[in-house]
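You will see subunit A twice below: alongside subunit B first, and alongside subunit C after that.
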Partner chain A sequence: MSGVLLLSWRYLAHHRAKSTILVASITLMLFLPAVTRLLVEDSAAALTARAAQTPLVLGASGSELELVLNTLYFHAESPPVIDSRALSDARETGLANFIPIYARFHSQGVPIVGTTLEYFDFRGLSIANGRQMGLLGECVIGAAVAARRNLGPGDSLISSPESVFDIAGVYPLKMKIVGVLEANGSADDEAIFADVRTTWIIQGLGHGHTDLDDPEAAGTILNRRDDMITANAALTQYAEITRENISGFHFHGSADRFPLTGVIAVPPDQKSAALLRGRYQANEAGLQLTVPGAVLADLLATVFAVQNYVILGLAVLSLATVAVITLVFLLSQQLRKGEFQTLSRIGASRAYIALLIASEIGFVFVIGFVLATGLTLVTRNYAMQILQSFLTL
Partner chain B sequence: MIARHRIAGLRWLWLCISLTIAACGDTERDGVSGVVAEASASGGLVVASNYPLYFFAVRATQDIDAAPEIVLPDFDGDPTEWIPSEEQIQLLQLADLVILNGAGAEPWLELVTLDRRRLSETAAALADRLIPLHDSVLHQHGPEGDHSQQGSAFTFWLDPQLAIAQAQVVTEALALLTPAHATRYRQNMAVLEQELMELDRRLADVFTNWNDRPVLFSHPVYQYLQRRYGINGASLHWEPDARPALSGWADLRQRLVSHPATIMIWEQAPLPDTAARLASQGIVSVPFHTIGNRPTQGDFMTAMLENAQRLETVFRTDDQRTDNP
Partner chain C sequence: MIDIQNLVFSYRNGARGEASGFGMRIEKFTVPKGISAALVGPSGSGKTTLLGLIAGTLRPSAGSINVNEWEISNCSENALVKFRLHYVGQVFQTFELLNYLTVIENVMLPWFLAGSGRKAEKLERARELLASVGLESKALSRPDALSQGEQQRVAVCRALFNDPALLLADEPTGNLDQGNKQKVVDLLRDQARRHNSTLLMVTHDEALLGQFDMVFDIYSVAASLHGDSI
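Our next item is the complex of A and B:
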């Protein structure tokens, strides 16, 4: 028996190119349908879990999917915004705990999420290293961001301008990292969190500068009336918030008009959720209240339908592959007639020769199966990263 | 419920450890970690944003076992100009309840990240009785920029009736935090209310005897006192620890033409030469402490009674001076 296995192994090893092609074909034939299904199922489970943890999302009317993906994964480009007034109005209903999200800016591709401390409680996020953000200009970062960019408490991050052509745009803000979050295998690992007011400062709605009553600021005064001082563009604004200059930071305009990309609503019970949804049905103020679970279920239904077509296609392809492999082995036997006659002359039975061919085929399938399984497991480990890279697009 | 207690326990443990480590070499931190350690053994941690609120909370929880620990941060000066330190922010973030005055008395709130659900603002219950401010200087950037909004006067507690309303808000916030003690809090509040009513009567007597004669305030912080007792007052912008500028004296002369005051009420005793120069113009300086921060001795009630006592004495002297010129 061992002689048969040795001979077949030596044969495959000798014909490396042919064996590699056969193994690769079988590996791909098994790997592709399996990984497609696993990837979709794992991704669907991850998406559904985060969506299920997020009962309701309030945002601007328009694409429900864009609103949900930006509120849950912080990756939309220039998402539509709502006024903070919508948040205060919602809070007045007393039907839920409302958590603001302003995910519009980024630092070298990493989203900067403006929110409140309630978000961390809501997601069950704890600080692994350092402390929670406390002052404007401070931020905490996700575990993956910290690991990838080798950042930790005491380091700094600078917000990136929205557009390189926006020369009249807002100044980048240097933010102090005060804490790193525990990894939780979600989009929170890949984000920078700051107070929502810090993100408004990034946008230029708030800023800091020297006191206009200060003699040092005399050269920047455009106009001074009894109750109003107007400064010109020469007034230098602070690019970093520190304990020394923080008292010089302030906001201009009505806070009710400041933007948010979404608001997570966490009602205490089903009745409150139903009442809240009723309030935002056919909303005339340009708002919509969505159920992330339902929105993602619709998305996943489409994904599963596409997946079924893909798997059907792969199954047809697999049949073709099996046919080709069969043909290869049949043709191979024709070419190896002389080899089999030699084996027969030196005493090998027909059964022995059949066993030799079968063991060669078996080796090819076993190696292909093992490789396909290994690749599938490796891919499954990186399913979330792969999913998030798709969401980034 | 068990999970919540476990999380609360972990919060206390974490805070105690981190503050104990941070405390090495910093005396202020020693105080903070000590307070937290005490609070962890009681029914929670409550931080007040100024002294009157602290006093009301302490009085509401007086003589109650396992009542929340009431903490007044070390403001190191005027609570309205306070910027919390790193440790103080941690204290605020871990407090079960942060009692705020509101109406712009906590500008630091705009700079600090706190959990909104743990904040209780007393001004919200007094919204219809706030006095808007009209004399703050605003600024804008360029001709098109928006400007900041003006606020309201915030020294409510100088009107004992509003102090009672504030104390009631504090009491109800404490009752919501620890419902088991709600009845005792309200009993304590009833006693405090009587004392504040008595203070109200005392101040009313003082100002009634003053007969609507003009008074100057060194700073515009006495709006609620003025409204409550119908004081014929006008405010300057003089700081007790700074010599008034020439323009300040000129402003005073101009003001005295239409408002011939013989009494000037200060937040603290003014500099001796300022008081002497005012006296030479026939104006007696009298401190009426606003008690925004912890008094050096006594408490809110004793400080307010001392304020009333000082006014009584000065008014009586002024009466005698008027009767015997």
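Our next item is the complex of A and C:
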């Protein structure tokens, strides 16, 4: 038996190019359907788990899917917003605990999520290094962001402008990192969390500058009428919130009008959830209350249907590949007629020659199978990252 | 010993194996055990066919072929496989080495097919044979990297590997220079003498004939047949 295996292995090793092409074909034939199925199943499980953790989401009317994905995965570039008034109105119902989410800005492509400390309790997020955010301008970062950008407590990061062409826009805000979150294998690992008011400052709804009553600022004042003071561009605007200048930060306009991209609602029981959903069923204020689990179930039903077509297509492709491989082996047997005749003249039986061919085919399939399994397992390890990259496109 | 009686062989054509209308008849042909014999004759006269019949790779239409205790003409296919593997060493006209094996692996090919015996011993045997034809330094080369003469010597080593009781050599010196020709003939004759084997070698080289115990002319051994006489 070892003689057969040695001969077949030597043959495959000698005809390296042919063997490599055959093995690669088998590997792809097995890998593609397997990885498609596994990635879809893992992604579905990850999506479903996070959605199941999030009972209800309140947001602007329109696409339920966009609202859910942005509230859960912070992926949208220009998400529709609702007024903070909607949050206070919802809180007045007393039917749930409401957690604001303002996920609109980024720092070098990483979403900056404005929220409150309740979010961390709700998601079960703990601080691995440093402390929880406490002041305006402070932030905590996800484990993956910290690892990738080599950041930790004491470092700082700067918000990116929404548009590089908006030269009249607000200044980027330099935020101080005070903590790094424990990794939990979710979108939270890939985000920067700050107080929701900090994100309003990033937007320019609040700002900080030198005290206009300070004699040093007198030269910048253009006009002073009643409680309205107009200053020129020489007035120093703060690009960073520190303990020294925090008192100089303030907001303009009504806090009720400040924007949020979503509100997570966590009702204490089914009854409260049902009552809350009833309240927003025919909402005319441009709001909707969605059940993330149901929204993602609809999405996944579509994904699974598409997956079935893809796998069917791959199965047809696999049949074609097997047919081509069979043809290659048959043609190869024709070309090797002389070699088999020599083996037979020396003393190889027909069974031996059949075993030789079978073990060559076996080697190709076994190596292809092992490679496909390895590739599938490696790809599966990166399933969450792949999912994240799709969601943050 | 080789003993052929009243043999009729018909050449066959194509995959269907239809009779070609040509063949050969051998009334009687005997080579005693332990004898070195040469078979001479022009190309196409049936020398290679006769070797094929004796090795059992060709089957006669009638008559008997006996090699020592083996009744070749009546053996089953499986028995013939065993016969060729353990009792016959063959050197072919075109060497027929496998290019995907090294030289030493080609020599050990009968062992790969038989699968019995200790590897260390077989390796040692293959090295000895290669050394005897001056190819020990080429043991790990591929056959296609060797000259034709070197390839022929490797083919001879492969034929001798199992210490066969019957050695059939089809022009083994055809591609060799005078020095190597003598080496190969000495090797084959020495093997036959030491193991009391029978050697039947086809050759066109008249200078070598004097070294054999017997010399046969194919025309005195076999008669050509054609048409209805087959």
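The working rule: the second predicted complex is superposed on the first by the 383 of 393 C-alpha atoms of A that agree within 3 Å, B and C clash if a C-alpha of one lies under 4 Å from a C-alpha of the other, contacts with A are read in each partner's own complex, and residues count from 1 in each chain.
The rule is short, and it goes like this: a residue touches a chain if its C-beta (ideal position, glycine included) is under 8 Å from a C-beta of that chain, and two chains touch if they have at least 3 such contacts.
Quick caveat, the model's predicted, so the values are computed rather than measured.
Engineer: Look at A:Ser2 in the shared chain and tell me whether it touches subunit B only, subunit C only, both, or neither; answer first, second, both or neither.
Structural biologist: After superposing on A, A:Ser2 lies in contact with subunit C but is clear of subunit B.
Engineer: Output check: A:Arg279 vs subunit B and subunit C. Expected answer is one of first, second, both, neither. What do you get?
Structural biologist: It touches nothing on subunit B or subunit C.
Engineer: Taking the superposition on A as described, I'd like to know which of subunit B and subunit C A:Gln132 touches: first, second, both or neither.
Structural biologist: A:Gln132 contacts subunit B only, not subunit C.
Engineer: Looking at A:Ser254, would you say it contacts subunit B, subunit C, both, or neither? Reply first, second, both or neither.
Structural biologist: After superposing on A, A:Ser254 lies in contact with subunit B but is clear of subunit C.
Engineer: If you count the residues of subunit A that each partner touches, which comes out higher, subunit B or subunit C?
Structural biologist: The larger set of subunit A residues in touch belongs to B.
Engineer: Quick one: classify A:Ile346 as touching subunit B (first), subunit C (second), both or neither.
Structural biologist: A:Ile346: touches subunit C, not subunit B.
Engineer: Classify the contacts of A:Arg148 with the two partner chains as first (subunit B alone), second (subunit C alone), both, or neither.
Structural biologist: After superposition on chain A, A:Arg148 lies in contact with neither partner.
Engineer: Quick check on the complex: what are the subunit C residues that touch subunit A?
Structural biologist: Answer in residue numbers: 55, 57, 77-78, 81-82, 84-86, 88, 90, 92, 96, 98-101, 105, 109-115, 158.
Engineer: Would you pull the subunit A residues touching subunit B in the complex into a rising list?
Structural biologist: 97, 116-118, 121, 131-136, 138, 195, 197, 212-213, 222-223, 227-233, 235, 243, 246-247, 249-254
Engineer: In their shared complex, at which residues does subunit A touch subunit C?
Structural biologist: Within the complex, subunit A touches subunit C at residues 1-4, 6-7, 10-11, 13-15, 338-339, 342-350, 352.
Engineer: Touching residues of subunit B toward subunit A in the complex: what are they?
Structural biologist: 18, 83-84, 86, 89-90, 93, 110-117, 135-143, 145-149
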